[in-house]
């Protein structure tokens, strides 16, 4: 259905944009093991995105590539958190902690969906997201418990990303109509509980920041998305009739 | 003539690509005075680029915007030095030192050109480039004579940019035919003399690096140019028939 | 018979009041009441911060400007804003606050700046809408400030207003070009105007009956007109310009009231205004993060410059 | 009558020679001649560096890959190269050199890596040409290395070769798609093949008569075939594939010689080869700069991880 497709686009775009950004790290990570780890996460997310865009595309009569390469900025449905820049490694880890905690809870619940298509994708993805979350948690602990510099960097990174959590938990008209997906508001508590546990273990305070009212689900995006799409789409758009 | 146009494209693209990159600093400089200074330099370079592209365009039957926005990567003529990324402030300064030392000598000689068009543009530009060079020299001295960190950063930045000097001084078939511009090889000595003086005053060693054989003058560019153009051209290309 | 005892402070206050009354300028060396000084520091630094934060929504399009001419104009504009910030920080410094202190207050989120800059700029047309509406509203607010009783502030505003009116015209031109362009361009322009219209009206602040600080500022001749008066003036200016652009005004209820000789406007969503003010805008977090990042990334450069200056002056002394 | 005095070293040497002769593997705990050890360290670390530097020309296109499928394949490929680098650094470590030492040698420009990675990748078609030609040449070089006399090296090569042949097929597929695509795509493919063909032939090293170290490596059964033999084999493999792609071979002089039963090739520009080797390639500076930058930017992360591990183990000890 159209609602199912719209929902798949939302969570598919999240993963697509994050994969696009994580891909940058490959050849630039602090150690080779992290080139591999961040590359793995990027690949997983790209895989999830392709499944979700393919699924949405069957309802919309479009291919995954048409959706990825030929939509304009306002047609994307990603949330602002996923559009936040890589920054330094600490920033990438903080962003990864928040996105993976969210996606883990989301896919866990979505795996029980009455939509077999969404449930299937979620069930497959959740195992990989568990690894992403573990990766982010381990590094959060290491950076928080490492040197003074690493601690202040991860603190700053959490302050910078925390405002974008709220958007992930906002219900809207889609959720009034479409009940085959968990309500965003129902994810808030479990996700925040996990995050608070990690912060407690890392002996970090929960950032006291005001939430951003960013609204990517309706096509109103952060300033970061435009340049991300410019680079991602440049070649495909230069040869609109080509196949690759 | 076609040769005049080709020559104007080369030095115009240098300035265009550097202006495009320096524009990024506005709102991100280490202090407000540098937002202003780097912005000024970017504006000057953009002005030079527009004059040169306009001049080339009259021979080629194209507007400055057609040349800037609708050429593909291999049609650009910029040298690799101008395509090198901003990096940190030290890297921007090192790149600026090299580019401005080159452009100052180039425009000084070009102001005597038998081509009135090129001579006129060069005569106007050289005053501004003198300021750019002064800015870069002052900051090179400050960074080299500042803290240990700033000294090692400017050293590293010079090592990273030095390999791209050689390309600026290479004669090719164009210069066999076209004698209204100084031969690149004739610029080597005066430019290197200035640079060596600056290094001596800053008590820095001349980097011992092998020159890159990068060859932007014939459309063979560094890996940096592709993404720069993707961002610069994205909007204009999305609306090919629009005027702005 | 009773004697009137005048304390020195009372005399200073009387002199100050007389200067204000006579439309004379207060200068840095003059005595001034603490509340006046504090109000000015707050207002001028807030204004300076707004210029600095206000660079970001437009800087976002420098790299993607669709023509070289527009790129040059936009670069120059954003750069002007850095310049305005500098004038205003200087004016505030004459009141005894250090620039570093103001910078700290900003990046630590303890200082205000104009909420308008917490809205995003998703399209090129936003460059037009910001110039036309945001700079337009700023000018309405600022022209009277050129006569502000505090000298350095008034003089800074004179320079700033001259440049702002230039910026407003450039914004209008961007929109005019789009409105007369392709259908997509026209739509882009209308969408941007729809997004920026109401926030620009909010730039004049809450309605007069909910603006407690205004009266004192007017008595001190810092402020010359009430929020609602300025808003009226702004809307009156926009109406013919909407017509010239061929764009629709997003306020469907706007009409001229023959009786009151005022514009009756549709209702402004003040909840949204206060929400953004409290930090819940689209971009509050991003704006501060961007500024903080630039400040932190530049720390080593500022330290190097300071250390170099120290060494140079030590060397000069040694030679002397 | 004279007695043959055998020193302990001679005995060890004899055992070593016998193992080599019998096609047995030398393992890390086995005695080996210093020259053998040094040759291996040089070769393996050079190979590891090549994998790591070799990530860059392809990583350059990850963000711009023109379909999601190709993006996924490319990401996986570049990631595989990091994995290969890790295997090989591990193999080299068994010979008594630390990974940090090798990293230092690389970023300080004191270590070699394959010159092929100093060429730029201006178009998407380079992703095809690298896979097909560069990985193809690498496989020809590396398949015999799976039987290299040093155990850890041979075993690493087995894993690597399996993945490389996968990469080569993917490169071929990219070119096939382009060669059958739009005229611009086909031109892009031909241009890329033109750029990479000769450098890929140079990957086998100088002609046999100018390759002084080869004989010893062959005696030690590290190397199994001469440079020219491998080059022959590679070209023989390419010829039918050029046909399948419908692309032209850039070597216009290439023909099968019935008499020698060999491919007669056009002249290889060895001056260019040695020029790039000496550091004058398009991208030598950039490749090292990229690696150095990643290493330096990551220093605080590695320090944090080390410090955290130190604290954790101190805590464990305190508990025990």
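A, B, C and D are the chain letters, set down in written order, and residue numbers restart from 1 in every chain.
Basically, a residue touches a chain if its C-beta (ideal position, glycine included) is under 8 Å from a C-beta of that chain, and two chains touch if they have at least 3 such contacts.
Keep in mind that this is a model prediction, so the values were computed, not measured.
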* If you take the chains that touch chain A and keep only those that also touch chain D, what is left? -> B
* Measure off the straight-line distance from the CA centroid of chain B to the CA centroid of chain D, and report it in whole Å. => 36
* Averaged-CA centre spacing for the pair chain B and chain A, given as whole angstrom -> 39
* To do: Take the average of all CA coordinates in chain C, do the same for chain D, and state the distance between these two points in whole angstrom.
  => 59
* **Touching two or more other chains - residue numbers and ranges from chain A** => 226-227, 230-231, 234
* Set of chain C residues in contact with two or more other chains -> 63-64
* To do: Could you run through all the chain pairs that touch each other?
  => A-B, A-C, A-D, B-C, B-D
* To do: Write out the stretch or stretches of chain B touching chain D in their complex.
  => 73-74, 160, 163-164, 209-215, 220-223, 226-227, 230
* **Residues of chain D defined as touching chain A within the complex** => 52, 55-56, 59, 62-72, 75-76, 78-79, 82-83, 85-86, 89, 124, 174, 177-178, 181-182, 184-185, 290, 293-294, 297-308, 311-312
* Which residues of chain C touch chain A in their complex? -> 57, 60, 63-64, 120-122, 275-276, 278-286, 289, 292
* **Residues of chain B defined as touching chain C within the complex** => 16, 20, 23-24, 26-36, 39-40, 42-43, 46-47, 49-50, 53, 64-65, 68-69, 88-90, 141-143, 145-147, 149-150, 153, 231-232, 234-236, 239, 241-244
* In the complex of these two chains, what residues of chain A are touching chain B? -> 72, 226-227, 230-231, 234, 237-238
